[in-house]
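My questions all concern the structure below.
Going by the order they are written in, the chains are A, B, C and D; count residues from 1 in each one.
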Amino acid sequence: MKITKRSTMLLGVATAVLLATAGCSGGLLGGGGDGGDGGGEESGPIKLALVVPISGSSAPTGAYMENGAQLAVDEINDDGGILDGRMLELDVEDEACDAQQSVAGANKAVSNGAVVSVGGYCSGATLPEIPIFEKANIPMIIPAANSQDIVNQGAKNVFMINGTGKQQSTAALTFMKDQGFKTVALVDDNTSYSKDINTETAKQIEEDGSVTVALSTSVTPGESDYSAVVRDIMGANPELVYWTGYYQEGGLIINQLMNAGYTGKIMVADGSVDASLSEIAGAGAEGVYATMTQTPDTLEGAEDWIANYKEAFGSDPGPYSTQSYDAVRLAAQAIEDAGSTDGDAIIKALEAIDGFEMFSGPLKFTPEHTLSSGGFVILVVKDGAFVLEDDLS
Amino acid sequence: MTENVDTTLAPKKVGAPQSFLSRVFESRQLGWVALGIALLAPFVIATPYALNVMTTAAIFVLLASGLNIVVGYCGLLDLGYIAFMAVGAYTSGIIAKAFELPLVFTIPAVLVMTVLAGLIIGAPTLRLRSDYLAIVTLGFGEITRITANNLTITGGPSGIFGIPGLFEVGDFDSQEPAVFYYITVLVVAAFVLAAARLGKSRLGRAWRFVREDEDAAEAMGIHTYKVKLLAYIFGAIWGGFGGILFAAHLSAVSPQSFIFLQSALVLMAVVLGGMGNMRGVVIGALVISLLPELLRDLSDYRYLAFGLLLVVVMVFRPQGFWPARGYEPERRKMEKLDPALKGAS
Amino acid sequence: MSAVLEVKDLQIAFGGVKAVDGLSFEARENEIIAVIGPNGAGKTSAFNCITGFYKPTGGAISLNGKDITGKRPADIAAAGISRTFQNLRLFPDLTVLDNVRAGMHLYGGQNWADAIFHTPRFKRSEAHYTDEAHRWLDFVGYTGPRGVPIRNLAYGQQKQVEIARALARKSGVLLLDEPAAGLNYTEKQGLLSLCRRIRDLGTAIVLIEHDMGLVMELSERIVVMNFGHEIAEGTPAEVKANPAVIEAYLGKDEEVES
Amino acid sequence: MPRRTSPKRPTASVTATVCFADPKRILMVQVIWDGLFVGSFYALIALGYSMVYGIIKLLNFAHGDIYMLGAFIGFAALTSLGGIPATLSIGALLVVMLLSMVLTGGAGVLIERFAYRPLRGAPRLAVLITAVGVSFSLEYGIAAIAGPNPRAFPIRLEGNVFNIIGARISLPQIILILIAGVLMILLNFYVQKTSTGRAMRSISLDRNASLLMGINVNQVISRTFFIGSALAGAAGVMAGAYYGKIDFLMGFIIGLKAFTAAVIGGIGNIKGAMLGGLVLGFVEAFGSEWFGGQWRDVFAFAVLILFLTLRPTGILGERVTERV
């Protein structure tokens, strides 16, 4: 075994190097655990974790969310920050809509000393983040992910400021009944968000009994040709098609439906409410309904906000820009109310919040930490833009 | 086993590399050194993020070592390897959650399911030409993911979450990041060692014979089909255990984790590291899993950088960083030469 | 002496072209048979049929009285036929020793669990493999390096290793496809003595060869093929005198004479 | 009509099909037409896969991304041209398509020159990994330049819809199928009748022999990449103009499908690629009709696997007798 000596030496050197560097950072032997509770720091910028998809097929939405959040951070910092002048800082991490990436991102944010999480887009990726943030006692204000599964987790640090699938489905059904639609086709894109709304709507329709589901189906996102679902819809011939997925595929499906001679109405869920929907769908998008929380486009006095956003980022706001913006503002408010960056205090402050003005209306959390009212309204596409059709009140 | 190294027979030109560095790299103890470094790493840095990244990397090493059996040893191009991890992760996740069992108790079920998956995917396809095998495995990978996405038992698109930990004994929590990291490293080390040992056995040689020349192997009495199927099954088992660790690590399993990109990444680890050489593959796996994390700050550009890097590395080092060298001791039997051949040539 | 390998009326056709049409011969223990014929006569196709790489379209092949027609190559190898290939079919990236070990696959002696846990059984079996590999390399008179990838070696050495690999199979019948091709005079002399030593082990050797000198000196019987047909069979002297054979080789006189 | 029932709610959807006179027949014709239309896209892209494979036995994984690149070049060209009257859209489309074909063809040549050629003697897996690397670089390079958001294509083909034996067939569909058909006929002519085409065929049969025959192998390989990439680029522009949306990942799935199509038809075989594209189009159309759209890919891949197991050389591939 003539090599043994050399290997032992190698091992020794490696050990020495490792132990030598151990002194300077948070190893098991070092200070220990300084990563887990960055909230304890009393000065310097306050970090907000934003774990959103930066790469992968959901990357576009991640960018909208990042911009929305950044806008809020900039505004707050321009006003002098919070807690007597401490600045806010976004810690943007990629989730790529993948559990593994999101766990890595969440862990990194925790290690970086984030105080509140204001991200969360793909439900499948957000779910595994919950135990990580919960353990680190970091409140999560989830702007987008709204699967019922998140609510069912019952984690005390989780707050959802997007209407849940249930609330959206209720709004959709109310509108269907108001308009007298008798048969609907429910189409989702096989993501958890979209499927959630589909399932929930189907359930509520069945309980209600006055509308019939003519077709309930899923498509695979990321493709261009949706002739199969178009054929199915034409075959089922519903009075209304309710698309619960995102605008990329939504635009294509609307266009292909119209080309196929579909004459009924189309309604989309909030993931499809985007200026690009009518660009992609072309003329066919005119008259398409949408279930949506209030957006800057539909709110009076929000033109300034849109202008600010455009000025800062050179493009129009997109899906969840507003929610992310509100999530940051809410986080700032809660930290201010709590008077510290301590997780428990912030959670208490969030639970106590009442009437905080957001795009979706005044905020008060339910005991489940969801919005007391989804704030859903019905929009319609007119001249290529979404405008308010029915506030359902 | 290394005594009696008699290199006098070897002409310099074709002999084993002699440089100090090569000797170190070829050293048998290198694996223990690597394990030592892995075990000591948390003493240097133990933030949740670092532990998470290191645990992920370790699991990735396990996957790469499993794929190395299939691709590196046996030369079967598998573009859907991640499906085996999906089978393992889903099986253990579903069972553990349904019966509220610690994950270790799901190991038998995972074994059965992954072997079954290996058989189902391998049996009809292993007679195919290698390029066809590539596309078929890719197809199986996608089928697995889409099926998981469409079924109710797998939780549909959001997958399964809230999966119990590996085990829990009193106050000892296996899910404590540092503890879990150590468990992972030890399990992975055991599997890597097992894969390396398999590679140096009769079965491992049969795999290489099949990789090098299937007809010649067949002429030597090797049932190439059976041998390939075994490679597949071993690869599947390795993937399945990767899946258990994955499920335990994230406490959640969702279809998005098993997209084609993941299969491609594992394959890259194997090829970049050096096909067939377990040490190279381990290094390759570490590079592939750690590099995107290091490039995390480049955000938008990280996969661009990654892609370009792959091309550059492959153009300049197509055999991978550390290819299998294929040298062994020239050791001769110390007995007398057969008298019959004295005078021959 | 009984026939070990019996080939009866062997036929193989590729899309209408009959590569082998009615080949029959027997090989007995301790015997060297040569199959000769001009290029394209169907010799290698016949070998491929016998070893299972092609499925014969007609005829029967039996080994030690058992029918092996149309079985897969691995089963035929297990039944007791080993072979070399016309163009070397070694495992180029593997070491010389590993190449020879390939011939020993059927020895068994260990399973995967032994390998993973490095049981004593495994260590014994590996040592046995290595010893045997060295023994066969010694037997064929191989003197080159043994622990290096085989692609780096000289052609003649590679040929030796291929024969060692086939011998390691320890089968009763050895098919050699052009073993002398590309060898120099000394190497051919070595081959000559090697073949005789192999025969003395009790093995039946069937070889395809173009070097007539070697064939005439070495073989006890010769089968001559042309255009897939068997045109003659007999001792070297008989074959040499056969007019059909002379005609088939017309224009290739120098080979017959050499 | 049990196939129409949703997986989740098997009871709620019986009302559907009674409204049509003979829904089954109408549907069949529609399915066939839809399959043909999608299939012609697959075929155009599959050609590039198949030609490259035929010549250098490389699975050019980045080929689908060339399609994406073509769409983005078309997008950039049309955007810089500004507003185009609807009446001119076909003309503008053709011009932009040609431009895009030239540029994607050039990109294909460059990729071959700098990423694949240096690896020509290397293990095939190494080349495959390189191809994956090129694919990443193209995807995320475009994402970095044009942003990750999907873009709406500046022009949109619109036109009358005809009702032919129950199938709704639109003018743009007919135009695109015609363009695809013309491109494929031209290609076939090129491969069969020109000297470069003959050289391509001879290289795919035996590269070394072709070298001995004095064929400039590098040049022929370059041209093959040019043509294959140009066809994919054309398909990209066509897809942009018809579907109206492009994004940086659009090439991935269709690349896989085209690859599948090439294999079904018999990889390395040009007519096989065309046929394979159409067959895959039909298979998918019928598959999603029978099993529901979310199972479409599963069905496509399952058919592929069955196909390969039963007839591994593809429909038109020749059986190769390997010499031992």
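Keep in mind that, in the parts below, contacts are C-beta pairs under 8 Å (C-beta built on N, C-alpha and C of every residue); 3 or more make two chains touch, one makes a residue touch a chain.
All values reported here derive from a predicted model rather than from experimental measurement.
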How many hops, at fewest, get you from chain B to chain C via touching chains?
-> 1
Looking at C-alpha means, what's the farthest chain from chain D?
-> C
Which one of the chains is closest to the middle, using the mean of its C-alpha atoms?
-> B
Report the inter-chain centroid distance for chain B and chain D in whole angstrom, where each centroid is the mean of the CA atoms.
-> 33
Centre-to-centre distance between chain D and chain A (centres being mean Cα positions), rounded to whole Å | 34
Using the average of all C-alpha atoms in each chain as its centre, how far is it in Å between chain A and chain C?
-> 70
Where chain B touches two or more other chains, by residue = 146, 149-150, 215, 300, 302-303
Would you pick out the residues of chain A that each touch at least 2 other chains?
-> 55, 190, 218, 220
For chain D, what residues touch not just one other chain but two or more?
-> 140, 143, 148, 252, 294, 297, 324
Seen from chain C, its contact residues with chain B in the complex are 51-53, 72-74, 77-78, 82-83, 85, 89-95, 97-98, 101-103, 105-106, 108-112, 114-116, 118, 122, 125-126, 129-131, 134-135, 138-141, 143-149, 152-153, 165, 169, 186-187, 190, 193-194, 197
Residue numbers on chain D that touch chain B, as the complex places them = 7, 53, 57, 59, 114-115, 118-119, 122-130, 132-141, 143-144, 148, 252, 256, 259-260, 263, 267, 294-295, 297-298, 301-302, 304-305, 308-309, 312, 322, 324
Chain B residues touching chain A - in the complex, by the definition given at the top = 2-3, 23-24, 27-30, 32-33, 36-37, 40-53, 56, 146, 149-150, 156-159, 161-162, 178, 246, 249-257, 259, 293, 296, 299-300, 302-303
Which chain B residues qualify as touching chain C in the complex?
-> 9-11, 13-16, 194, 197-198, 200-206, 208-209, 212-213, 215-224, 230, 234, 324, 326-333, 337-338, 340-341, 344-345
Where on chain A is chain D touching in the complex?
-> 55, 57, 59-60, 62-63, 183, 186, 190, 199, 202, 205-206, 212-220, 222-229, 231-232, 234-237, 248, 251-252, 255-256, 259-261, 276, 279-282, 318
